[in-house]
Amino acid sequence: MKHTIIRNDEIRSGVFRMEFDFADIPTPGQFVMINCGGNTLLKRPFSICDFEKDKMTVVYEVRGKGTYNLSKMKISDEIDVTGPHGHGFDIFDKYNNILVVGGGIGIPPLLFLSKKLKSKNINIVLGFRSDAFLIDEFSKYGNVLITTEDGSYGMKGYVTDAMKEIINEADIIYGCGPKPMLNAVKDISEKYKIPCQISVEERMGCGIGACMTCACKTVAEDGYHYKKVCKDGPVFWAKEVVF
Amino acid sequence: MSLKVNIGNLEFKNPVFVASGTFGFGKEYSQYVDLNKLGAIMVKGLTLNPKEGNPPPRIYETPSGILNSVGLQNPGVDGFLRDELPFLKKFDTKVIVNIAGETIEEFVTMAQKLDIDGVHALELNVSCPNVKEGGMAFGVNPNSIYEITKRVKGVTNKIVIVKLTPNVADIKIYAKAAEDGGADAVSLINTITGMAVDINSRKPIFKNIFAGLSGPAVKPIALKYVYEAKKAVSIPVIGMGGISSAEDAIEFMIVGATAVAIGTYNFINPTCTMDILEDIKKYMNKNNVSDINQIINSINV
Amino acid sequence: MSLKVNIGNLEFKNPVFVASGTFGFGKEYSQYVDLNKLGAIMVKGLTLNPKEGNPPPRIYETPSGILNSVGLQNPGVDGFLRDELPFLKKFDTKVIVNIAGETIEEFVTMAQKLDIDGVHALELNVSCPNVKEGGMAFGVNPNSIYEITKRVKGVTNKIVIVKLTPNVADIKIYAKAAEDGGADAVSLINTITGMAVDINSRKPIFKNIFAGLSGPAVKPIALKYVYEAKKAVSIPVIGMGGISSAEDAIEFMIVGATAVAIGTYNFINPTCTMDILEDIKKYMNKNNVSDINQIINSINV
Amino acid sequence: MKHTIIRNDEIRSGVFRMEFDFADIPTPGQFVMINCGGNTLLKRPFSICDFEKDKMTVVYEVRGKGTYNLSKMKISDEIDVTGPHGHGFDIFDKYNNILVVGGGIGIPPLLFLSKKLKSKNINIVLGFRSDAFLIDEFSKYGNVLITTEDGSYGMKGYVTDAMKEIINEADIIYGCGPKPMLNAVKDISEKYKIPCQISVEERMGCGIGACMTCACKTVAEDGYHYKKVCKDGPVFWAKEVVF
């Protein structure tokens, strides 16, 4: 399962966009597992940011040694990738008004989602700490609203602040980002009674549902149930997830 | 060239197994691996009742290894029989069911429920470091090992394998206790207890503080335990712990393993068992070994 | 910012030590490291008489680790005093002399010979896996540990540190035995017993069959032992086993190590101790820790 | 201690010549320790094959994962190298007739040695299993005699066969190669009473004399003594070494 790197550019300080050849067609919200080489052992999960015939894009932030190694790879180097894995976002014909909400490095999978949405009215709220990325790409698929924590770009504040202004239009919310953001998005969706799907993260072993390490606590009749982020998710209905 | 190995009255088509807890119930890996080609599948550890396991995080990477603290999340024996065994029965491989009781009675009850068609062997997990009740407490007590083995043997016609923990000073005593209890084989090693700390929060990474280390890092230690266990017993030994290549697998067989199980490395390369099998054949060819049994316990000291 | 730590009545300028057997007698590394900057140097294990050690090969790489079977090759206590100590005395660091007796009497004799200027502490090596006499046989017996410690304490004014082996099931008993014997500190872990096999000759790589595993691979295991040892005793613990970075060192301190020692990683990066020291300072700065003692044993469970 | 790769070419199937920037001046027979990256841990020792101002050459054979990784490195990649280490060949003005004997991947350090020898009469005997390498380079410094085990190049046979024909001329022998060859060279040197220095190999930890892992058995008054290949050697007087 070797794949050749076509592109690996730093699109913002510490954030890279990597493209590699890949044949299997994914759905939005799915992810791939990449062997980052060096002395890493486990493959790392990355959401699919874009896919065109035989070409996959992931956007990643350098956080530890795996993503650091990845950032040092060059065009025509080969990487070991498996996937696409997991259960992505469900797309419904019945919803015309879509609200897409992303934060930080949770934003990449929402690009592929936005591209695949066929609805008329798509509002995309993207939150960054400071420098933004992928804005032009998102603009092709909907109305983009940017928030930054330091106010350096777009609105100053959090995505949840921006969301509130357009929430009344929304028939469904799709979210991906850090846990506190997802928790806040879940709360808003419940308050406004709008269906909401979120993509969650957890550390993974196998990535395919065999090892039970990627537990996500979900509500169950008799209390709670640990579902698998890699197989049942990474996208869950917000109301299912116990934070 | 013959790759067949025997444990008790059971014949396995080859000595390459997959280790409990790393291969689910076979379904997920069946997209990567032809399950018919595996010597055996050791399924995820079962408890009598369904178990939710430990809160996340449950896995943490260490140098050439992983710490896990799954805490035996599983659908319970009945769930297994209902939802998983039918799928496994479709394949021409041996199914070894790993069971973890909180009490001796639970082991017995599970063994009874599992004494049915499609199940070929039981692996008694007396060595799970990630659960509070039972688990390793049994595994570090030779009397418990003896007792559990004997009681389970009394209620089942299946081959009984006792899975030993490496968290003991002298493995020989524990292997012997299993043999004395009537075990058909012992398997080792389960994970080695370890821990990790988040230096920012100064909290242990895992809620249970400790977790189980596996993967290539543990191989030299596992190999030593298998060598010692084999010297202590005359029943077959199933070797595991950090195997990632045919070379590793052959090392384990040379020191005495009748079969080997691959655990963590399935995560790194989902087809590794198939590669290992092919490379074992190449090794046999190159070294004029016509029967894999010529390698087993052939160490030249 | 203060990096000073104390063991018994001895003050160390910082908690970054180098582990016995990996740093010779300091001379070789002095081209890479300013020895004055080290908290202490734990010198190569000494025996009463010079010792030639085991035949080669003595080292073998494993995933993120190494197996070694040096077998305590060393110039003997007298050779050390004559040829090595004078060099070490030129530096402003603490010299901890690691000694390995084949008998309790040998420990006592060596301690007496070493009760001189320039030697700051003794580390009793009751845990070497690579020698036939003494070595680990002492380390897996709490009574021996108690006895050796008590006898050595009776003849020396130096700080006495007892080096524990991880090849035991319950480290707490052994740490406690050292404390009861009057030890000023315990240090751990020594290497973990492992083995490797040459699949072509089917012979063990090492003449002694077993060898000692060290390096990053063992870190999660070492950390657990240090955590447990610290819970069992009130004397300081010196933590080691697989440390390769300041993060690792801090993990050990958080779980209870008053100081840490770097072993194998010196081979990989000869200046790693200096890097670790600098990065510990950065961590302290970033986390507003003014005194390293605020980190020690600060685990938040 | 980062050094930049200037060249890394396969000069014969499985044998590579790597050049990197390096400032410290070595003597012939010394070696460097190279971090081969990937998931190797210990540095690997390699003899110095050539050195010109700020430029070092090593020639290596792919044997395991370290040398495999090395062979995949590209120009301008950085590698971590320490050295020069060890005690190399002693060069004596008093000897005019030199016999240099090398076998297989033991040949590289002899090139640097041959270059530094100032004697008039230098015979160089190089043995290969089959394909030869570095022949042209050696020819600059002496009379080169090649042996191959399969007779595909030069004389068919072993270096020791070829040595015998010119042994009478020699004042000193320098050897490097596999253990059985060194043992045979030692025997010949003793038979003909010619001083002989050989470079031996052993697995290493530190490479600088601190860890005692690189033991070479040598003769001593009271039986034997383990010397350190990395510090006392890798070059020893043949008569010292106990095979």
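Labels A, B, C and D are assigned to the chains in the order they are written; within every chain, residues are numbered from 1.
Simple rule for what comes next: a contact is a pair of C-beta atoms (placed from the backbone, for glycine too) under 8 Å apart; a residue touches a chain by one contact, two chains touch by 3 or more.
Everything numeric here is computed off the predicted structure, so don't read it as measured data.
*Asks:* Can you compute the centre-to-centre distance for subunit C and subunit D, using the mean CA position of each chain? Integer Å is fine.
*Replies:* 36
*Asks:* How many angstrom lie between the centres of subunit A and subunit C, each centre taken as the mean Cα position?
*Replies:* Going by mean C-alpha positions, subunit A sits 47 Å from subunit C.
*Asks:* Can you tell me which residues of subunit A touch two or more of the remaining chains?
*Replies:* 39
*Asks:* Please list all residues of subunit B that touch 2 or more other chains.
*Replies:* Within subunit B, residues 63-65, 215-216 contact more than one other chain.
*Asks:* Building nodes from the protein chains and edges from chain pairs that touch, which of line, ring, star, complete or other describes the result?
*Replies:* Contact map by chain: ring.
*Asks:* If I apply the definition of touch given earlier, which pairs of chains qualify?
*Replies:* A-B, A-D, B-C, C-D
*Asks:* Which residues of subunit A touch subunit D once you look at their complex with the stated criterion?
*Replies:* 37-39
*Asks:* For subunit C, which residues count as touching subunit B in their complex?
*Replies:* 62-65, 67, 140, 167-169, 192-197, 199-204, 209-211, 213, 215-221, 223-224, 227, 242, 244, 247, 250-251, 254-255, 283, 287, 298-301
*Asks:* Hey, which residues of subunit A end up touching subunit B in the complex?
*Replies:* 35, 39-43, 80, 82, 202-217, 224-226, 231
*Asks:* Quick check on the complex: what are the subunit C residues that touch subunit D?
*Replies:* Touch list, subunit C to subunit D: 21-24, 27-29, 31, 44, 52-61, 63-66, 68, 70, 73-74, 215-216, 264, 266-270.
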